Each structure stands twice: as C-alpha cells, then as structure tokens.
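Working notes, structure below.
The letters A, B, C and D name the chains in turn, as written, and every chain counts its residues from 1.
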C-alpha cells in the first residue's frame, strides 16, 4: 500500500461498511464520497438516494451538492423532494442512512444546528437539520462519518438535531422510532459502535497506525474500548486509486 | 392565465413590503436574478421561506430585506456556512433576523399542505429532537384510527412564490426538468407566483421528467436568460462552483459584502 | 430486487387466500391477465381493493374470489353497471360481498398514506354526504393549528398490489407512462407487489411522463404481452371498447357468466 | 336550424354555460360531450380537467371513459390521480365542476350510490361516488347535466353521494364547503337554478318546444317556476354540426 491520509482511511472504511445491493440515503460531503467509492469497488449495485429526489444515482464524478445535475442524469428515477421524503424515506424502505455531523455525542445524537450559548443566541449558528432528523429516524440503520476531535465528540450535544440513542438503549423504542439508529460511526481514527447493552458509543476498531490513546485524546468523554478491539485492514491500492480518481475529477 | 412580463415589473407588481416570499430551488434552478431584483426594489420586512436558503438568501438577508427566515438548511452547499445569515442571527446585523426552523421533511410537507388547500400536514418527523422544543409550528397529532402519535406542521401559503424554469410557451405554460425539487408545491401553495425562465418558446415539446405548470396556475412569467446563475439550469448551463467558493470570502466581511452589493446588484 | 418470473408463479407465490389484494389501473393499464390468473388459482375470501373496479373485478366477484370490496366507483366505464357486482351486493351471489365505500379523493389519499408509512391521511372530503354515515373508515380530525375540522381516512396497505406496466428491464426496474393513475402509490403501499409488463427490454430509455418503479421497490415482474386487454397499454394497443360493451350482456346472466368463465378463463 | 333531439338541445345548452378561459373538472358522459362541444365552438381556451390526471386535455374525439389515451396525448400536463385531487381540485382552483347524476333532488343533492331499500340492502346498486363528492364540494360552482324524469328528479335523494344545498341555503356555509355548489342544472327540457333565497331548484329556462307543464310532469316535487322564465335560444346549425361530428367520431 502507498502511504495514505487519515481521511482516506476513513473514507475507505466507511465505503466498506456499505453492502452491495442495499440502498443508502446519502448525505453530502464525506458520506457521498464513501458511498460513491463503494459503488466503484465492492458494491456496484449499491442504490444511492439523495434528498434532491434522485433514486439510484450513478454519478461518474463526485457531486459538490446533493442536487448536482449528474445525479439527475444518471438516476433510475428522479422524483420531487416531497416524494423522496414521504414515499421513499419515511416508510423505512431505505437500508442505511449515511450522515455527517458537526457534533456527535456518546449516544450517537447529532447536532448540526447551534453550538454554544442558547438556541436563540448561539455562539455559532450551523446550517441546520436538512434531511437528517428523518433520515436518522427512518432508515433501517444509520452510519455516521465524521472526523474525530474533542470539539466534535462531546459528552452531550448542545442541540439534538437528529436523534441517535438519546441517553441510552431503549429510548428509540419508547419514542416509536422505527429504525435501529446509529449502528456505526466511522472516523479518521477508528470505528465506534453502540454498546449492545447501554447504547454508548464504544471503540471497536482502530485504523492502521492509530493507538487507543490517540482516540481517547480526541474524544470528549471517557471513551470505552471494546475487549475485542479490531484493527481496520489497510486501504488496498485499488481502493486508493479509485478514491483519488474520484476526488480529482470533482 | 399568466402574464408575460419583465422581471422588474413582476417584482414591482407582485412583491410587497412585509410579504411572505418563497424563492425555491433545490441546488438546481435557483431564482437568483429575481432575488437580486428584490434587493434592488428595496423591499423590507419580508418573511423569506426556503428549504435550502443558500447564497441568494445570504444576499437578501445581508441587504436587510428580511425580518424572518423559515427554513430547514441554510448553508453554502459544498463550501460551508452563510456568513451574512450568521451575522444576522448572532449579531442582528444589518437587522435582527427571526428564524423558524424545520427539517426538510417538515418543510416539504408544509408546502404540500399549502398546495393541497389543507391547513396542516402529518408526518413521522422531529421525534426526540430539540427542533420540536424550539419551533412552535411543530405539534403532536393523534391518528383517529390507531391512536398512534405523529407530528403535524402547518401549511405554508406564501404571498408570493418565485421559481426559475427552463422554458415557457407564449401562453405562459411553464416547463422545468432535471431536479424539480419542491417548486411545483411552492408555486401551487402561493397566493401569487412569478416564474423566470431561460427562454420563451413557441411550443413545449414533451421532455422526460418534466414538470409542467399550466398557465392558469401561474401569475407572471418573465424571460431571464441565466436567471439561475450561479446555480444551474439543466440543459442550459452548469453550476458555477467557483462563484459559490468565492462567496465565502465576500460574505465573511461586512465591508466586502457592501462593496459586492453596490457593484453586482446596484451597479 | 424484483424477481423476473411467470405470472402463474408470481400469483401462486404471492397471493394467498384471505389476502387484501389491489389490482390497480385507472382505465389504462388494468392488470386483467393477473385477475384471470387469480380466478384460475382458485383464491378465496379476498378483500379486493380498487378505486375503479371494472369488469375484471366483476369477473373476480362473479367467480367467488372475494368476500369484500373496498372501492370508490364500480362500473363499466362508458357502458353502465357491473351486474356480477350488483348480484353479489343485492343477492349475495355467488357469495355475499361486504363493501367499504369511499370517494376517489378518499381512496387516493388512503393509498398515499399507505405509500408514505403513515396510518392515516387528511383531506377535505365527504362533508355533508351519506358516505361519512355508512363508512366507518371516515372520521373527523381537527387541525392542531387552526381548529378547523377535516376528514381522516386510514392508510391502505394491501398484502399484494398488482399493476400492469409497459416495460421492465432485466434488473426488474419498471416503467409506465400515459395515464399512470394511482399505481405508484398502490405498489409502494403494499407488502408485496406483482407487475405484469408488455415486454422486458435491455434498457429503459427515458420517456416523457414516465413513472419508474425501481426494482428494489417491486417483488415480482412477469412478462405478459396484452396483459391489460381489454383495457389499453399506451404505445402498445388501444382500448377494446367492443369488449366492454359486450360484457354487459354476458354479466347480466349468471349462466352466461359461468359459460364465459369456463371458456375464457379456465378454457 | 335543422330538427334536433332533446338530448342535443341539452348538450348545446350545457356547453353554452361554460365560459371561455375558465377551467372545468369534467365528469364522463353528458358533461364530457358538452365540455368538448364548448371547446370546439365558443370556448377554445376552456381548460378541461379529468380525474384521471389529465390537465388541459384537448381530445380530438370524445373519450369513452375519463381515462382514454387521447386525453393523455393532448393534455398540457398528466399528473397522478392523488395529485389531481389534492393539488388541483381540493384547493378550489377549478372554476366549474361538471357532473351527471342518477338522482337529483330539489336542493341539488346528487345520488349515484343506491336507490331504494337501505344502503346495505338496496333495490338498485349504482356505481358509487367516484370523484363527485369532492368535485361538488371544491369547485367554485357546479353544473349538473341530467335527463329530466320523475325517477331522476326527486324531492329527496335516497342517498347523498354529493352534497348540493342540503335542505336549503346556508347549509354549505355552515359545513364550511368552499364552493358555491350547484348553480345550474341543465336537462333535456330546460334549465333550473337554485332560488337565491331558499336554494330550491327553480325552472328558469325552457328549451324550444317545451312547455312548463312538460317539465312539471317530469319533476318529482312541486316545481317552482321563475317569474322571469326564459326560452333557450335554439341550437345553431354550427353547434349541431360540431356536436354530431363529435358523436360520430366517438
């Protein structure tokens, strides 16, 4: 393997999590890159759904936004925005919701709304919810891809834009949320999964060259580590070649 | 039946101070030229509505046209945040900006209810989120058959909706294709509507995936070639990604923004 | 992903006694061949659902497949009444037929709710009519924002929906165009679905006005040329109006109907 | 004028009621014939909407059903059936709802459901509601075209499929129905309009060759006659020529 960046390892790890033949509701940015990489490597029949209404998009280059023309040109079907949310997302037809996050907490709740202060007088106003709250609610499971830092990985998000596991297991069921919620968080350092008992995000995989202490230092809560901690297989040359070609053609 | 007119006349006739105005477009076909015309016309106290306010809303907010924003995602797609929007929310500059914040699913359904002549829409949405806590227009509703609790959001019925489309015929029938977003719903939900188009043609030949708005459902049509720039018009021109990237620097600074406004909108 | 199979196998695998089954089609693309296959397969106690039950439902009812019909308009379009349906309602022949009766707007919205994963839909409907009095699945609902009273109807989620389309590709993606009715909603609302198509092709080239059902939203696809006859398939064959007219005489008489059944379905 | 049938006079009178440039939600049968005649004579810009989802259909021959292919081929737009009811009919965008009836009562209520017996054990089971209840509720006004007989014109319908004026003026407003309801009933004998005060259908126009007693004899209630009773102008040769060509090409 040639040397690769932490971001590249993250994107490759995220892409590997997507199984061929499944459907994926894709957020823009890191999730879109990973999903397109998956479609060009091990998952050619991955169905990409963007909130702009493009079902089964097969872009030949990475879209900059969720509404690029290349998505419409290559989709199996283009539907209106109300339809993509009502007929395709809401009934729970989509296997994986693939999201980014500005802030993520120990129970997988996501904040993309405000940081600091209170809601009406925030220190930082972020873009807001977009499609994420209902993607997080309705997809069969949710993967989150986000760079790990104490700023992003907090004990408790300042604002719950998209509900993960609340304050622990059982809350989703109590609220009647149909999907399993976040089952996988892929970062530039490793992979976290919710503990089967408590729902707390737990380190289950380390990327090549990363140590547990590195991850602890980038986590804003006292990170638990799985007893069966795995090591992410290194990105293959093919994965890196395809990823770099994608990034370059952007 | 729609009137074929100029953009300046359409905005002068149909957009009034204090109106609720939706300029819709989902990355594609954003009615940017119409937004600039509203800035030029000096409209004030507008309630701006849009699922994805991007840089043209940043410009309207920075120019002081708006007192409120109803939205679900406000950003510069693929680039970052909207700095005029942030400045208005965080510091009330140039005027305070009230916000009413939803998710995409909620906003889309609010337009659907508006287009359908219903006072509200029902969805599975917002459950467990803080949005339901801070936004008054999100309420619970109970299914009269199953007893299940769901979420209700009120209809959006803008005073004016403005969209951009590829074409209209001389009778004022409008045709758009590619990603068509929530434009049909936004137009049908509104009391009045303006459609800017790339071109007026003799006949609208059928296109795969096209949405047609019959002339009797539209108030005014104005030919504005490149009226969606820097967004794109499928089949006409590509998205100007460089413009979006360069907006970041302009919008970070009040002075740079004012200079841009003078030169690019009023110039 | 949809399985490409035969109509006989699809019906044998996916339609069970006692199921709620919707065969949808709005004058155009009515899945008649599939209805006849259900008769041949001897299914019983079905709850049949359709906005516009026409002669293929008259045939299913006359053959004794159904114990209940959920509908909004039951007739022979352009000709008159359905006599097997009348005989079942008025005289319980060959078996009693329970009915659940709505308007088109109500039925369409019931499918929309079903396709949307919601337990009910809201509409302005049925006000002042006796339908609201005789149909239990029509209830009032109050807008949580305005206090206005509207009407709620429960979702339809058929065990199986069957539709006919012009084409599918070898992966099982389905394409239909012309009048597309409520077919998308009926398929998306169902637990399982069968689509009969005029032809399976290598590639679905885009068509104006086409609805595409991706293969992962469909259970089974079967090639059945002329599977909509005597209704029509836009671009393939015309409506056989003479067949509809001649059905009137056949269906008026139990004996003539039985003879038709033996010859045309079981023959 | 050449001799013409009562049905032809009815269809011509009905077609004349449709103003050019307005929109009309068209029921099948008599209304469709009259609407297509109007479009070919005095109202070329009449917008025809059929419940099959065809907006602005311009058929070159009379459709046998509301879902004929010629409607889709000639329409300005073809939309799904849920959309035609939800986005186009329900908000009250359509000027005229043009309906037929099996039974019609003195207050313009329409029955197309059951005749005789009770609902669960009817003497005659009719096709049912179709789109009519919401057409009657939501269009700005409703025109009914129906052949007049004591069987069809009853004091009170056996079943209210589509609400007209209930038992008199003010009931629509009390129920919150947005449209004006039936404002015009065109028969093969004449024209009836609801009395401005009471809402009772009153004879306001007689077709050529018809006398008031003929209409009384075909009405199942004690028919009121307007003091300003008009006489329908005879169908013109052009109207009859176009109508007969339409019927022949069917």
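Methods note: a residue touches a chain if its C-beta (ideal position, glycine included) is under 8 Å from a C-beta of that chain, and two chains touch if they have at least 3 such contacts.
Quantities reported herein were computed from a predicted structural model and do not represent experimental measurements.
Think of each touching pair as a link: the shortest run of links from chain B to chain D has 1 of them. For the pair chain B and chain C, the distance between mean C-alpha positions equals 39 Å.
One finds 28 Å separating the Cα centroids of chain A and chain B. In whole angstrom, the spacing between the mean C-alpha positions of chain A and chain D is 57.
Along chain A, residues 86, 90, 138 each make contact with two or more other chains. Touching of two or more other chains is recorded for residues 112, 117-118, 123-124, 148, 184-185, 209, 211 of chain B.
Interchain contacts give a graph that is no line, ring or star and is not complete, per the touch definition above. All chain pairs that touch, listed by label, are A-B, A-C, B-C, B-D, C-D. Of all residues in chain C, those touching chain B in their complex are 117-124, 137, 139-141, 143-146, 148, 150, 152, 154, 206-210.
Looking at the complex, you find that chain B touches chain A at residues 26-28, 51-52, 71-75, 77-78, 81-82, 85-86, 89-90, 101-105, 108-109, 111-112, 123-131, 134, 148-149, 178-182, 184-185, 209, 211, 232, 234, 238-239, 241, 244. By the touch criterion stated above, chain A contacts chain B in their complex at residues 28-29, 51-54, 64-69, 71-72, 78, 80-82, 85-86, 89-90, 113, 119-134, 137-138, 159-163, 166, 171-172, 175-178. On the chain D side of its complex with chain B, the touching residues are 21, 23, 47, 55-56, 76-77, 86-87, 90-93, 138. Contact residues of chain B toward chain D in the complex are 1, 112, 115-118, 173, 184-185, 188, 211-214, 216-217.
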